[in-house]
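Several structures are given next for inspection.
Next come two complexes built around subunit A: one with subunit B, the other with subunit C.
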Partner chain A sequence: MTGIELRGVEKAYGGNQPVIENLDLQIEEGSFTVLLGPSGCGKSTILRMIAGLEKETAGEIFINGEDMRGTSPGARGIAMVFQNYALYPTMTVKENIEFGLKNIKVPKAEREARVDEVVRMVGLTEYINRKPQYLSGGQRQRVALARAIVKKPRVFLMDEPLSNLDAKLRAQIRTDLIELHRKLGATFVYVTHDQVEAMSMGTDIVLLEGGKIRQQGTPQSIYSAPRNLFTAQFIGAPPMNVIKAEDLGPGAVSIYKLPRGTASLGFRPEHTVIGDGTGVPKGVDLFRGELVAREILGDHAIYKFKTDLGIVHAKVMSGSIVEYGEWFVGAERKYLYCFDEKGDAII
Partner chain B sequence: MRVQMPAFRRASGGACRTAVNFLIFAVFFIPFYWMFLTAIKNLGQTLQTPPTFWVARAHWENFNRVFEAIPFFSMLKNNAIMTFGIMICQFFTVIPAAYAFARFKFKGGGFLFGLTLATMMIPAQLVFLPLFLMFSKMGMVNSYASLILPWATSPFAIFMLRQAFKQVPQELIEAAKLDNANEWKIIFKLMLPIARPTIITLGLITFILNWNDYFWPFVLTTDNTVRTLPVGITSLNIVDGGVKYHILMAGNLLLVAPVLVVFLFAQKQIIKAFTYMGGK
Partner chain C sequence: MGNREMEKAMDAYVPLELPMPKAVAIQKLLRRAARAATPYIMVAPAILTLCVFVVYPILYMVWLSAYRWDMIGPMVYVGFGNFAELFSNPDFYLVMGNTFKFMFLTVSVSIVLALLLAVYLKANTRVNALLRSFIFVPYVISMVSVAFIWAWLMNSEYGLLNFMLGKAGMSGVRWLEDAGVAMYSMIIVAVWKGLGYNVIILVSAMHAIPNQLYEAAALDNTRPLRAFFRITLPMISPTLFFLTLMNIIAAFKVFDQVALMTGGGPVNATNTLVFDIYQFGFKFYQLGYASAQGVLLMLLIAVCTAAYFGALSRRVHYGGGA
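Up next, the complex of A and B:
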């Protein structure tokens, strides 16, 4: 069953060009769906329309089968976690968390019990009488989460909730969120422009560009079967290496027996083969490249080669460290992705 | 990183700062001290040259003379009624106006706000005569209403409070909406508490301005039954020939005492309001 459904949704701010046009989107109930895309592609706008904070100019939005037209944000059975936490500065942690319950007149005994449970869940018991300004960033983030959880919503909406935290805390809260999602079984809709967050947390990724869905699917399918160049290059760090077919020389498509209509080729950095020009492995096409930068990251290393065909990255899991200088790089045929003129994948 | 200063420079820096602090303290304190001192001198001492900076015996009876010369307590009551009347009126006119200007987009909103600000530029001298004529036509001269109504709202306060409301991030209001808060809840549980330091400061400014105001109460009243303290105190100036500074200062001391007390209590809030306005 679909948890959230958008049908033909359009959004234009003021009299401007629409930022989202005719958008159809299904979000599975109980999924951890990540809206992923570059800055300005309309992720927040979509989330805010689901929340009812922004009114769609056309189309319909359904949550659990109910048409949300005319339903106020508070009545949609959703909770939202904002990028800057949006905690009420004059209220204590406890008052922040129970504000929503008070407004719908939950009896005091039940309210206390629910607040108590949530506070324990996010580990804020010692801080419940503090004002937000006396909490650290991570603690504030947890108050914001608690405020959402306590309402027992069907849907959690989160707009880049981790972007103000340092890398370590971000990694920690990422796993906390995965746990939380499994425990609550609610639908999570999570907005980010960070593909690592999307890949690590999402059960479903919606990749957006310019207000349009470029691909939707599980992290694995988006990673291993990108349907277009945009997806291929957005997912993965470093991004997929792409070379133009014409740069391989005239008639390259037929010489290399590539699918008809191939305009560009791609292979992932983890599939880059590095050789010294002797004993070329079978089925690998190598071309000359100069190692210009390397990052040794412990369990793996990332190399950047400058070749006549453009920049090629290599991600090598183990083995000896590659020295600076001239090398040959390439990829096995089976790891090649082919894209046509329009950037669509050729399968 | 803090650079370690040589000991003597630190000491001289400290001394310099102490001196400046002392100077600032003196600038503000000496007039008050002078007022207090004069209030407990006798007439001879006030006229003495060179002036004395200490008196051996305090003449507390000066205060009794104030009470005899003017209907002090009735004027104090009038002053309180006028000042608090104005504050209450402003509370009910300024907050809704500022909130509307800050939060809602409505037709003519910008124009109305501009108009509100423009009234700040009209000099009092220009309006007091028409105002007096208006009140006298309505038979309202010598009433509390005539003292309160001209100040029942304040464009300056509307402007300041609008800024305070505007500083509240949109996200907070959205979070409150998602928490099922209606507009009233948003106003009373969220916006007003956040703007509290500003409201208290504005209240204080209104209090001080009106408590000490001389011009308007003087112009709009002709009868001691509704006249306020500043008018009364000034009249001490001209009782039976020759300026009696000691009595005048005793009256002044009684006039400003409440202001000082209020200020002492509200100090913390004022500091908060100004740090908040200064871009957090």
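Up next, the complex of A and C:
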């Protein structure tokens, strides 16, 4: 088995309740795997255990088939990019990057060549002799990346490396990382709580909640086939609209011919149909809603309706702008997701 | 805010009552003057105290160093005579040598030892917390008690140290009576007393280093010794720099320990500059000569501090972790 494998991993800090219990996780070699989940769900903990910075209390971790127990962080063939970069403040950019190479006694000529190459790759040539405190956030980020790349690791571990950057830079580095991943062909394990980052960069997403994997798969499969309410509502912006079946009225499940056991219904905002109540489109169930907020975003618009059944979002690509007031909203039957009592998807 | 509103109100008030403008102008001027003076009035007590207890004595000492005076008789102007006498006195060179030896060895041993201990004591375990407070105790104990305890420990006939050496089959050492040993004994005591303070300061400086740097270092295959020299030491350099300077100045000024433990003996072997000043001033009543020594001490500390700054301040890393 190549890549990374966690088998029955458990982690408890001190004498506390375990934050991760019996976790099985497979990360394929060469994948860009994103660990995604809300704050406190254990993403960093998992990453740090892979890095060897945190010791698992039970279970095994394999990297490329090798049991990592007792292997020091430096010997795991990994490199890590920290959220706040953790650059050595007293060293220059160059010293920061070459520190790891010096430690393993890479010959000077090779070292210089490798440092030179990555510095050029991340565009830091001019700043090579500066100390981190005289660099901008984005530049520091690049140093941190360079420090990881120069080691030529099999695995890159990144813990929310973009969260300290502004939106524009974030978007730019996102594409840089995709490029980098394709170019290096190494395994990337990337931690974030931002589903946009996960969807845009990941080839594989591991959605976590409370230390448990709720769903793992490609961005497409996670988006189009959520296996539970949590996944459905975590992925997508705005999140999936969810309506309780009982709010549709007594006997709704049979009236609307929904699968047995349906407790709630969901549909994506981009599938929300907005009508004025005249001439209901075929196969669409509409209910009354008041438009309470509107975000016009150029190529698309997001509308927020208040209905008797709860808040319903609509995401409309182009077309004319919907005016504030009373409308009817709904969705086509084929776009409905059904979930049972426990929040698991039906079918 | 209130003042400005009041001013505005007064300005508006002016055209109504004819005799007022002048009075208002004066009032305004006074108020402005008072406002300007406020900070100076606030710091005045501190400045005044400084002048009375620091600046005046220094100037007086410099002035006194140009006279011969026994505190009772008339003062005789001798110009640089006291300095000439000082520099021609072989004892002075002995005292200076002692002072430098004491300073250099005490500071270097104490700082190096404190660094080593701090590395081991920085981990926040219960045992370490206990050890840190133990090691700090000597710093809190008064020098009088310390001197008594150590004078007893180091007593060559019934002291604990020689007793233990005897048990171990070694011959005793005349700790404070042997002219070749006494200075080292003094240094041991000085290091013992000051070590805890240095350790505490260095431990807290080390605690301020983000742990992620060590994690990054671990991922970079950094050996512990290298991590110490490439991460810990540079990161605590501002603290270390300042702490060493304070240690140097304190060591130059050592007095109570000498007075209490050896009285400068045997045969001047532990006599240091400040103790010598005290002896000349208040035992031999040669105030001019003592003042000349005092001036020299002051210059010495100033020069050493400047040299220290010049040599090391460039290598200190200021500015936060990034």
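Worth a mention:
The working rule: the second predicted complex is superposed on the first by the 345 of 347 C-alpha atoms of A that agree within 3 Å, B and C clash if a C-alpha of one lies under 4 Å from a C-alpha of the other, contacts with A are read in each partner's own complex, and residues count from 1 in each chain.
Going forward, contacts are C-beta pairs under 8 Å (C-beta built on N, C-alpha and C of every residue); 3 or more make two chains touch, one makes a residue touch a chain.
Just so it is clear, the structure is predicted and the values come from calculations on it, not from any experiment.
Considered on the superposed subunit A, subunit B and subunit C are sterically incompatible, since they clash. By the touch criterion stated above, A:A113 is placed in contact with neither subunit B nor subunit C. More residues of subunit A are touched by C (comparison of subunit B with subunit C). Using the contact criterion defined above for the overlaid structures, shared-chain residue A:Q133 touches subunit C, although it does not reach subunit B.
When both complexes are overlaid on chain A, the residue A:A79 reaches subunit B and subunit C alike.
In the superposition on chain A, A:I255 makes contact with neither subunit B nor subunit C.
In the superposition on chain A, contact of A:A237 is made with neither subunit B nor subunit C.
Look at A:I346: by the touch rule set out above, it reaches neither subunit B nor subunit C.
In the superposition on chain A, A:A293 makes contact with neither subunit B nor subunit C. Residues 51, 53, 72-75, 78-80, 82, 84, 86-91, 99-100, 103-104, 147, 151 of subunit A contact both subunit B in one complex and subunit C in the other. Per the touch definition, subunit C reaches subunit A in the complex via residues 210, 212-213, 215-223, 226, 230-231, 234-235, 237, 317, 319-322.
Residues of subunit A that touch subunit C in their complex: 51-53, 72-75, 78-80, 82, 84-91, 99-100, 103-104, 131-133, 135, 140, 147, 151. Of all the residues in subunit A, the ones that touch subunit B in their complex are 51, 53, 72-75, 78-80, 82-84, 86-91, 99-100, 103-104, 147, 151. Contact residues on subunit B toward subunit A in their complex (touch as defined above): 169, 171-172, 174-181, 185, 189-190, 193-194, 196.
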